[in-house]
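First up is the structure itself, then whatever we jot down about it.
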Amino acid sequence: MSNGISHLFIPGPTNVPDVVRRAMNVPMRDHRAPDFPELTLPLFEDLKEIFANETGQVFLFASSGTGAWEAAISNTLNRGDRVLMSRFGQFSHLWVDMAERLGLDVACVDVEWGKGVPVEDYERHLAEDPSIRAVFATHNETATGVTSDIAAVRRAMDAQGSDALLFVDGVSSIASVDFQQEAWGVDLAVTGSQKGLMLPAGLSILGVSAKALEASARAGMERCYFDFADMVATNKSGYFPYTPPVPLLAGLRVALDLLFAEGLPQVFARHHRLAEGIRRGVEALGLKLCAMGPQWYSDTVSAIRVPDDIDSAEVCRIGFQRYRTSFGAGLSKVAGKVFRIGHLGDLNEVMCLSALASAEMSLADAGAKVELGAGVAAAQAYYRAALSERESAVALEEVAS
Amino acid sequence: MSNGISHLFIPGPTNVPDVVRRAMNVPMRDHRAPDFPELTLPLFEDLKEIFANETGQVFLFASSGTGAWEAAISNTLNRGDRVLMSRFGQFSHLWVDMAERLGLDVACVDVEWGKGVPVEDYERHLAEDPSIRAVFATHNETATGVTSDIAAVRRAMDAQGSDALLFVDGVSSIASVDFQQEAWGVDLAVTGSQKGLMLPAGLSILGVSAKALEASARAGMERCYFDFADMVATNKSGYFPYTPPVPLLAGLRVALDLLFAEGLPQVFARHHRLAEGIRRGVEALGLKLCAMGPQWYSDTVSAIRVPDDIDSAEVCRIGFQRYRTSFGAGLSKVAGKVFRIGHLGDLNEVMCLSALASAEMSLADAGAKVELGAGVAAAQAYYRAALSERESAVALEEVAS
Amino acid sequence: MSNGISHLFIPGPTNVPDVVRRAMNVPMRDHRAPDFPELTLPLFEDLKEIFANETGQVFLFASSGTGAWEAAISNTLNRGDRVLMSRFGQFSHLWVDMAERLGLDVACVDVEWGKGVPVEDYERHLAEDPSIRAVFATHNETATGVTSDIAAVRRAMDAQGSDALLFVDGVSSIASVDFQQEAWGVDLAVTGSQKGLMLPAGLSILGVSAKALEASARAGMERCYFDFADMVATNKSGYFPYTPPVPLLAGLRVALDLLFAEGLPQVFARHHRLAEGIRRGVEALGLKLCAMGPQWYSDTVSAIRVPDDIDSAEVCRIGFQRYRTSFGAGLSKVAGKVFRIGHLGDLNEVMCLSALASAEMSLADAGAKVELGAGVAAAQAYYRAALSERESAVALEEVAS
Amino acid sequence: MSNGISHLFIPGPTNVPDVVRRAMNVPMRDHRAPDFPELTLPLFEDLKEIFANETGQVFLFASSGTGAWEAAISNTLNRGDRVLMSRFGQFSHLWVDMAERLGLDVACVDVEWGKGVPVEDYERHLAEDPSIRAVFATHNETATGVTSDIAAVRRAMDAQGSDALLFVDGVSSIASVDFQQEAWGVDLAVTGSQKGLMLPAGLSILGVSAKALEASARAGMERCYFDFADMVATNKSGYFPYTPPVPLLAGLRVALDLLFAEGLPQVFARHHRLAEGIRRGVEALGLKLCAMGPQWYSDTVSAIRVPDDIDSAEVCRIGFQRYRTSFGAGLSKVAGKVFRIGHLGDLNEVMCLSALASAEMSLADAGAKVELGAGVAAAQAYYRAALSERESAVALEEVAS
């Protein structure tokens, strides 16, 4: 069945807005031409606003987010460096794996999947082990739909007098939920183009603090493709050390324009609203989230536990084949147990309702006892109220001004 | 609120498939070049298959469907000719208006909106008035969601020994529901690109029977742009009398490929399935269709009566502004009383559920007492069963072969 | 051979700028929605600027330019009306043919192909025949590359005290060379989307004077699709009497933005510069234009006479098949004798040089004795000087301001 | 001056065919969905045909070609390994720089810019130093327009009984000129998407021999993003270790289809023909190539020496600003002394003529004494003869079959 649009609710790649798709469909141009910096220099500046990174720098690599993880590590740490990490989902797991493969000495705190960064454990480790050179935190664990408190991580570091570098995986959070690189003391913040930035995959974006830039001059592993120094040297005048993926840069221009036009606070509010509707729907269906409490709820992705006798992979299969809907599968430890609805990027309320409607049918077809329409109804009720309230607020503001 | 896709449920323009949009995004080419007929000649042939018109010809005009209405009349009838028409919605009304403005002598049967072509009345008129040169029938009245029985019209004509030309408005039916130009004895069948053919507006398509072609040689009003003879002379070798809209032709190629790949019977079955889900949803919400009985139900558009104390224009306004959803408004006599869900073209089940979800919220916000989720649930139940049955049938076929 | 771009030098459809193509690749939208006039109302206004038509109105029809010819006639003239026309190329010929088919009583002045509107003959006819209700003039005869003096036609009419309507075919002139509907007293000015407006075919655009609007209220033939009154009634609020071709409207927005950004006087100057380079090239090759003197030279299309022993159709065939270049063929009386280079719309100097380079090879392959590179060299010399002069002028202006 | 198309003659990114651009403009999809391998598995196979690599494997990384250079080294060599390289242009220079930064022990042969891989020197080094673990050769030095004989390098290695790995930079050669990974004994062959593969930058493509795959299991530096093992493990079933750039994969599908439809031998012949025309033009202008003899001539890029008193940067600046043409600048040692015309990818004869025409004007404006049109004329003469011969050959084949 290939009629109509496909319904894409994976937590990335997200839906690319039509206007961004059009902006990427450009003839090639010379990336060494005099007019190229007119495109790139404002991108570099605007990305600093996205990261809330005032005094550092943001780099764009042609790679997936994994590449930016590696860039962050290889430019600022040396083999054998002691680092503190935690693992509570497939993506934090992979990051630990990378750190070990790149030769770091990883102190890893394993956390029950469904919870996030264990700030108290971190603080204890930092107290006990002054050799820790870097602390890693996954802001939003995409596999479990868990958001962690990054500001608290830095507070814990400060409390222990640690001057370690703070690495944050913001792949599925940055540009969708609030992120404050500078205020939270994040030294290396990683994201990818295919999430909140509403582009295809192919660009990784790395926010680097002034302190991390300095560190990269003194430390770091052998590296070339991901080298900060080459980027600093060429970005300054608007160029790159090698041929950049121009269509993605052209699309990024428009994606940033969209985000700024909506306003970042409004973008975050929208993500919260859409997510909350999904959560109301999940609850009304009698299902539970993987995230173990409201403090962990992610506004960008919901991992939903299926009843014990149901295989979540079957839910995904049915959604894909029968209802033209892509949900995220359960990965690794939660394979078969959860399916995920990505609700980040270019989405609106009715799209989220279609995700719930499709999920209800897929669950039912897979054998789950869910009341058709119940999840949709709960989300509708929430969206009606939230949008009405939002319109009133806007109207009041207009009267006031 | 401009995030995410807009939800387009007007009965045309319909959603253009992405692959068709891409196909239209072509550099210009010379429409008099030797390779141009490679595009056009197969289009002419394939359209005959769409119309089920074997011995006649199908013309493509750069115009809206209104233009093809005019082409049909001006090429085959003379001013003062007596014609039989009926009026039961805004579009059949406009057709009558055109016929009168072009100088035809119209015998018009007015029918209650919600019913369709009055075959018995037609038969009586034909019996009483042998001067009738042409009979007009609106296959699918887009304003009320009413489909009429065209084969029955021709049977009535035959019964009365009438050799009048049969004109059919198939704008919102052809390529979406079964249409048999030759078998039903239709002489002039009109459609537009922006409906079942899943293209933007800009092309009108006119199926002409052999008999009507002959008539055009003997009769007709002064005409030039819409002249059949110029088309016949140039189409023969794959060209047009004037510059055709090439991107639409390129898109038409792909749209036809999609229809044939799915199979016309499957296309019609899908339209029926999607429409039936919508109707189940409407019923579950306690609402009534404008169409006054199952024999009139349209598989391409449902006109839904709102409760007496509700303004359907308000439902449309809310859908558009709050839920980014475009419904068709009630037109003319049913303005304020109905809103319409177009369910033709490139659609699937989950898209139809989003139409219902959005309609429920819009109705509720406009003050209607509807149970949120109830319409969605009824449609979900129907779609689940229908798709499961369909899959079983396909599987059986595969086993058998 | 299908590598690389094709080189399109027909006088329409012209090359559509990439940014315009992108702008047309839009999802469908509701043409009756509240936000639609935000697109259309500025289009209507801006087109008046393109036509230099202040007190009248500009209509957009989904049709080719031929449709707008018909709209102009059928709305303002009656069958049997006496009109004055001239014929000096395939397109002025077709216009005469249309006028006769629509029932006008045509006084036609035949002029040698290569010359334009015979103003003195017109004046004599007007003097002798006060019954002339309308005068028709082809501003730019696309078949012969001949531009006529429209202001002079109106002066001749004024000199004879004629209050006839002035119809102008500006299909291949408007938006490319200077056109002043109001100042020149043009009542009905026709163009199409696929020429100077740099869009695909599919829209005809008709500038109507206040006087012609009034005439349409009192006169006119039976009509419906092309009726002014329906347009006036709906355009007022930003809508159309029937579904308009939305992608073309979206493209028109961007095309107009491009024209205004460049500045209409600069657009006209560029067309003159590009054309003059082509003419220098033609002269250097020892060939002659169809246009019989500089007063007739067209800045949008050059019809080039081939040597007597050469078949110009062969030149076009070779250009198309061997060099991936589309030239305009010689039509009707000049078939086999001329080929045409269209140099209007989105073009630059180097593109024009490629037209000449390709023409030289095609001519040589067809047997013509031309010196390869000679045409290119002459055009290069002209372009170098003209661009250098232009840059100096711009620099001076900048110094001055 | 931004009218018309820009003329892109840098040696990459090359012009992306329209049909490839359209193919990349796709909605996002789930790269973990069951249908994804239908796209990827054939790509992997077809790329092996492009590399003429039967028994090895081809990897796709989201990165520039520089990334694939790094992947090749970090997966198969260890820090401190002795390698043999040569340097005769900016890109071979950068490769040496990378090798040193990644910790290899480089024996570097410096060669006069304008010549290529010094096979005899290589053979001597191999004879003298049996510790050489890898030999690096730049197939086509993009900075100087020099193509080297890779088969000869392997022969020299064989002659010395070396079992070192052979690394080849085929960034600006593969898919444009003949490349035989398996027959020439190339172990690691690097290219990028933005050259002969006619895509935007963003994908690097690495052909790996069976021997190099084995080596990667035993050796290699710390690595993660560019790790072969992760690719092998996931590619097998059609997936990637992380989110791939789907639009580029979709475009690659169509680009490969184009190459295969034309036929790789025909693609190579076309590149030779286009290049030879450019070279004839250069010679007719009295200019010399940077490449010091026909054995070094590159069929993908010509680096052209400007007269001593001329600054080639000025030629490029004028081309870009006045004639909307992008030439490649002279880099590093040849900065100011050469400008480059890239003639690879989606090009045809008339496009190459426009490059020459634009270069002539730019040279003249920069003060060079060149005869306008002379280069164009020489190329025209060559193209006419070559295309005519080619057509005859095709016709003969058709008669024969």
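A few comments on the model shown:
A, B, C and D are the chain letters, set down in written order, and residue numbers restart from 1 in every chain.
Everything below uses one rule, namely that contacts are C-beta pairs under 8 Å (C-beta built on N, C-alpha and C of every residue); 3 or more make two chains touch, one makes a residue touch a chain.
These numbers were taken from a predicted model, which means no experiment stands behind them.
The chain pair with more C-beta contacts between its two chains, of B-C and B-D, is B-C.
One simple way to say how far apart two chains are is to compare their mean CA positions; for chain A and chain B this gives 45 Å. In whole angstrom, the spacing between the mean C-alpha positions of chain B and chain D is 53.
Distance between chain centres (mean CA atoms), chain B to chain C: 36 Å.
In chain B, the residues touching two or more other chains are 5, 15, 18, 22, 25, 27. Viewed as a contact network, the protein chains are fully connected, with every chain touching every other. Residues of chain C touching chain D in their complex: 1, 3-5, 7, 15, 18, 25, 262, 270, 322-325, 346-351, 353-354, 357-358, 360-361, 364-365, 371-374, 376-378, 380-381, 383-384, 387-388, 391. Interface residues of chain D facing chain A in the complex, by the touch rule stated above, are 5-6, 8, 10, 12-16, 21-22, 24-25, 27-34, 61-67, 69-70, 79, 98, 101-103, 192, 194, 200-202, 221-227, 241-248, 317, 320-321, 326, 329. Within the complex, the chain B residues that touch chain D are 18, 22-23, 25-27.
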